[in-house]
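Quick one: structure below, then a few questions.
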Amino acid sequence: MLLALYQQTRKYTESLCAPLNIEDYIPQAVEFTSPPKWHLAHTTWFFEEMILTKFVADYAVFDAHFGYLFNSYYQSVGEKAVRAQRGIITRPTVEQVYQYRHYVDKYIQRLLAEDIPGTVKALVTLGINHEQQHQELLLTDLKYTLALNPLCPVYRQDCNLVADRNSVIPDGRQWLAVEPGTYEVGHGGDSFCFDNERERHKVYLQGFEIAASLVTNGEYIEFMESGGYNTFSYWLDDGWTWLCANQINCPLYWTNIEGQWHYYTLAGLKPVDKKAILAHVSYYEANAFANWKNMRLATEFEWEVASPQFDWGLRWEWTSSAYQAYPGFSVSEGAVGEYNGKFMVNQMVLRGASAATTQNHSRATYRNFFQPHFQWQYSGIRLVK
Amino acid sequence: MLLALYQQTRKYTESLCAPLNIEDYIPQAVEFTSPPKWHLAHTTWFFEEMILTKFVADYAVFDAHFGYLFNSYYQSVGEKAVRAQRGIITRPTVEQVYQYRHYVDKYIQRLLAEDIPGTVKALVTLGINHEQQHQELLLTDLKYTLALNPLCPVYRQDCNLVADRNSVIPDGRQWLAVEPGTYEVGHGGDSFCFDNERERHKVYLQGFEIAASLVTNGEYIEFMESGGYNTFSYWLDDGWTWLCANQINCPLYWTNIEGQWHYYTLAGLKPVDKKAILAHVSYYEANAFANWKNMRLATEFEWEVASPQFDWGLRWEWTSSAYQAYPGFSVSEGAVGEYNGKFMVNQMVLRGASAATTQNHSRATYRNFFQPHFQWQYSGIRLVK
Amino acid sequence: MLLALYQQTRKYTESLCAPLNIEDYIPQAVEFTSPPKWHLAHTTWFFEEMILTKFVADYAVFDAHFGYLFNSYYQSVGEKAVRAQRGIITRPTVEQVYQYRHYVDKYIQRLLAEDIPGTVKALVTLGINHEQQHQELLLTDLKYTLALNPLCPVYRQDCNLVADRNSVIPDGRQWLAVEPGTYEVGHGGDSFCFDNERERHKVYLQGFEIAASLVTNGEYIEFMESGGYNTFSYWLDDGWTWLCANQINCPLYWTNIEGQWHYYTLAGLKPVDKKAILAHVSYYEANAFANWKNMRLATEFEWEVASPQFDWGLRWEWTSSAYQAYPGFSVSEGAVGEYNGKFMVNQMVLRGASAATTQNHSRATYRNFFQPHFQWQYSGIRLVK
Amino acid sequence: MLLALYQQTRKYTESLCAPLNIEDYIPQAVEFTSPPKWHLAHTTWFFEEMILTKFVADYAVFDAHFGYLFNSYYQSVGEKAVRAQRGIITRPTVEQVYQYRHYVDKYIQRLLAEDIPGTVKALVTLGINHEQQHQELLLTDLKYTLALNPLCPVYRQDCNLVADRNSVIPDGRQWLAVEPGTYEVGHGGDSFCFDNERERHKVYLQGFEIAASLVTNGEYIEFMESGGYNTFSYWLDDGWTWLCANQINCPLYWTNIEGQWHYYTLAGLKPVDKKAILAHVSYYEANAFANWKNMRLATEFEWEVASPQFDWGLRWEWTSSAYQAYPGFSVSEGAVGEYNGKFMVNQMVLRGASAATTQNHSRATYRNFFQPHFQWQYSGIRLVK
């Protein structure tokens, strides 16, 4: 079953690239995004470096240079290529990267056919979850690059059914109440989770009411039209600085064409659907919107406790919680340990999942995190009062 | 008694400036510091703007331009002078600023001699606490400026008895245990506190042990000599970036002269006393030091609950808590409301007080906060295991 | 004959791309370089925009978007795509760009088969010379991109015979004397030249002696080993600032591997040949080297007057002349007028040609120009005393 | 007579500071300006370092630290204090700097009373000319600082009679013709000049006509009102970039108050006098204005040859000549040699003198030079056709 999951995951990554031309695999639009070719290679390198070189006796690395070219953060593994220059690596070619993938696949599949210890299984599971994270990044990074092209290229005509999915929200908003008390949060049992979801622990919550549905484009346009982007009092100080420095006056990918708001989607440029769910706002915007409403965002624990009561999965939902360690958190030894703990400052937690998140990748205890100015994920707003 | 406190506070600010030449009142060394003249005027402007112009019927402002020149953050009051250019404002002169202080003092004192409503008293109390905060900033900003002068000027020869006080720590470290359970934190009763200390609320804490004494210079030198600044694994990712970009390899104000560590103090350049308490480290350094020790920093609530058990007041102590709103926090109306809530992102909480903090200004629920890279406060480290 | 020259030029551009993979066509390594795809399209757009849309009655543009995507500086023609983002334009594909080239070729060739007025012929000649300039840029930009790839990819194994050609210089240096007097410089007759080469005019030159041969790598290594990069007195103030800010300590593409200098060439990484001619130095380096020798660089008019006496064509030779207008220079009307005059400040003149310059493209009156810190052209040093 | 000139120069510098408060001596508004205190000390240090320490046997330096604090560019003399932080040096005090001046004056005057060799006299003369240059900078730097103060402080009420003098230009403009031919330029005889004015040498000039009077504010307002700042075709490429990045739309110190242009002067804020001579434009603006007029700026040699025919001395006049070495120019040995040659790249020559230039300091061969974006000198425009 791990073998099947491995194969399915690897195949799905490649299926995401099916609509691409060779040219599309290359560019890195900005330092925080990566080229599709890099995502393909980096996820493969993870399996090679963390598993094959350590647990397959006579394994020969596909190319000794790839460790340098395609690792990411893992500074303990070797000098990494400068992050901002992933877009100039034209060689190896796309074809060679696919050969790399299939070479590694062959060895991992051979390994998974054997009787292997639990530690190796755990690493394969981690590699699969790691690749699932990059599946979403591959889409969001690609969207960022294509959106800069004045031709507004189409990735897939049916993409509004996938990543850019915008289910319509019924009018009126239901509120779900949670009682004050001590709750347990964080990942318990033995099933897979990332290190930042542990340990399961008690927290005391005051009572609150949380919205059953996410904020829509129409609601956000009301905020914009009421002068939300020009009203200092709604904004955090850092948010106001960010907004002024970057002349932000709408969500990412939005543009006003003759009085009508449009947004770039992976299916091309479309008029904004007011009934659909808002995406591509920063934490600063989410927070300002909530202030304008005289409401607030949920903390990550409020979200986690309330989440069994509502549908989620269309947007990553900004919480008001800074990303920090749970009680008893400890960093794993070695490169795997660089995974999450290094980022526990200056980032905010997002909960849920988005329409671009791979199926079954997320869960109620899952903690996504980004710096508060980032807009390029499918990030939205859920209100609390 | 409010009158006495007012007079004492105002006098104390001026006493801090007694050792200064006119020249010393002017420079702003860097955007996040302010000139002494500005601190003198700004604290005065607060009383004029928030109280005199609103509650004294026929009050005539001392100079209509001063609101523009000497407000700080209060964007709702009027266009503020560009923060980075406080050091070019040579007029009004220092003498005129003292005249401004005494003019406002006269009216506030006259007001306090009357029977005034509680709301006005509360504003005066806020103004006093605000001025006390600026007393500490005046010292730390001044130290920052003087330290850049290659002549290492002396502010006061006895200053090592005051701001730079470094009480010697006995060898060996005692650990204080706190049991798991639900605790109450935050400011309760009616006495003065800042808005960010409310509301008092329950939190659930796991058990922990906290050090009875702060980290010493000698312990920190061990960290430095063991390669702490060159070992990536101890550092948060943002911290490593900061350290590399700014070539940080010791606390602020430290310099190595022929193999011997020295630091600039307000009493001039001195050899580092290894038994004395460490100061002027950033959160990044505090966190890296704790990692090197295989320990950690306290959360702000752990600190608050444990603090009745130990002496504090020599250093602001970095906690591992991001600065965020307490449950039920709401921003006050108007300019006073810009006080604290605007900064609740990308900053870390410090608890305690430092030797430069005005007497009786702090308390166990007090929340100081700075961005994690700042070193210019008297900030130190307390370990938890 | 214009037709033949057109065909030969267009074919030569494509031959330069023959060794490329699709991936290589895409990246823009830095703002001042452009991708091969962009060079292919931009030179084509020049013919389309300046000639076909104006002189071919029923010409239909290949794609209305290309004007936006592939113009360069020509701000009067329409809003240009942001220069720094040429590397993210994955669509149109490389194949579509070749189709564009051949579409335009068909129409230009048809036009050249007719009896056309001199003004049109002049524009075609300008377009050919423009494309020849981009042939050299295509090579130097490609070298810049490939050099950043840690794999040191090979463009063409025989490329050291072409762009990176380094003819060996005999030992000892001959000096050629020029007498003081009034000379004529600048382009005279009717043959093609760029606007910045006119008008031919008189200048008075003092007498001087100029080296018959260029500076070699070996001579430059002597400068380096004598501490040239650490000696402030050899450097212009701006040059020293540049050198410190960018930590420059050798020519571009040089790297020291275990005590032996190597350089990246289009044929891969090679040991530096001490007898071969130096390339890839900035004006700052050329000037500092001459100071170290107690000599100087030639002015552009000294160079022009002396050039009949020596071989040139292996390196662009930095002169000590700032790039400025000749007497009587006037900017042409319209987009063509944006060609050269816009850059007549903060740039230095280079004379000659390099081994990467297209055959017959340069001449004794030709004025190349770059900002003094640029190293990525095949730029070298000729001394005057 | 040298003694008298020395005394007069030193006294004049101090007279320029007479209207200042202590506070005014301190700030450095921006990296390219310096505080009055620094100018006072630096010009003194020049006499001490270049003359007293070398030619007065038992001279004891006033304070060994001052060499570090108050040298400027002279990197060969010792590590210079960071240029951008001159504004934080509050100690030594202003009073101590005056003591320093008078201490050095005593020794220089004693020296000048003796029979000293010509080389020493030449250095004193250089020191006097150096101080005269700083007299003008003291005024222009002070203006820059005071102008940033929202209170628009007055330096001297009669200052419009001095630095900001704006003699009225009669309507209509006379043109002076110069014939083509070979002319001599540069400083000849034995009288004092800076190294960059030598050697006198021949140049060939084409014929030209030069305006007898400078451009007025009124003429410049016509340029502004005709859209000059919005018309790309008038501007050099670097100029357009500068203008867009800094949102320049008028000369420095100009501000539009309810439809009426005003400018800050050392006598406070005044309405712009249309008949008076324009000041505070950059080379980019001067060049764009000339393009708009279908005229051009003079080269520095055209200016020098024509200058006996017109009145000059109210503005530094931008020429179209880049600042470069004259034939035979060589850098002097040692620190004095750092004077001018280091800057011979990326700067433009200004000729003439301004109303802020010390009397008798300039001459027809004098070469002032600044980077093309600087506006803070009293720089104006003279047209050539």
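Remarks
A, B, C and D are the chain letters, set down in written order, and residue numbers restart from 1 in every chain.
The rule is short, and it goes like this: a contact is a pair of C-beta atoms (placed from the backbone, for glycine too) under 8 Å apart; a residue touches a chain by one contact, two chains touch by 3 or more.
Everything quoted here is computed from the prediction, not taken from an experiment.
If you take chain A and chain B together, no chain is in touch with both.
Each chain gets a centre from the mean of its Cα atoms; for chain A and chain C, those two points are 44 Å apart.
Put simply, the C-alpha centre of chain C and that of chain D have 37 angstrom between them.
For the pair chain A and chain D, the distance between C-alpha centroids works out to 57 Å. Annotation for chain A: no residues touch two or more other chains.
Pairwise, the chains that make contact are A-B, A-C, B-D, C-D. Across the complex, chain C is touched by residues 73, 75-76, 182, 201-204, 206, 232-233, 235-239, 283-284, 287, 320-322, 324-325, 327-328, 337-338, 342-346, 348, 372 of chain D. For chain D in complex with chain B, the residues that touch the partner chain are 21-27, 29, 37, 65, 68-69, 81, 85, 87-94, 145-146, 148-151, 153.
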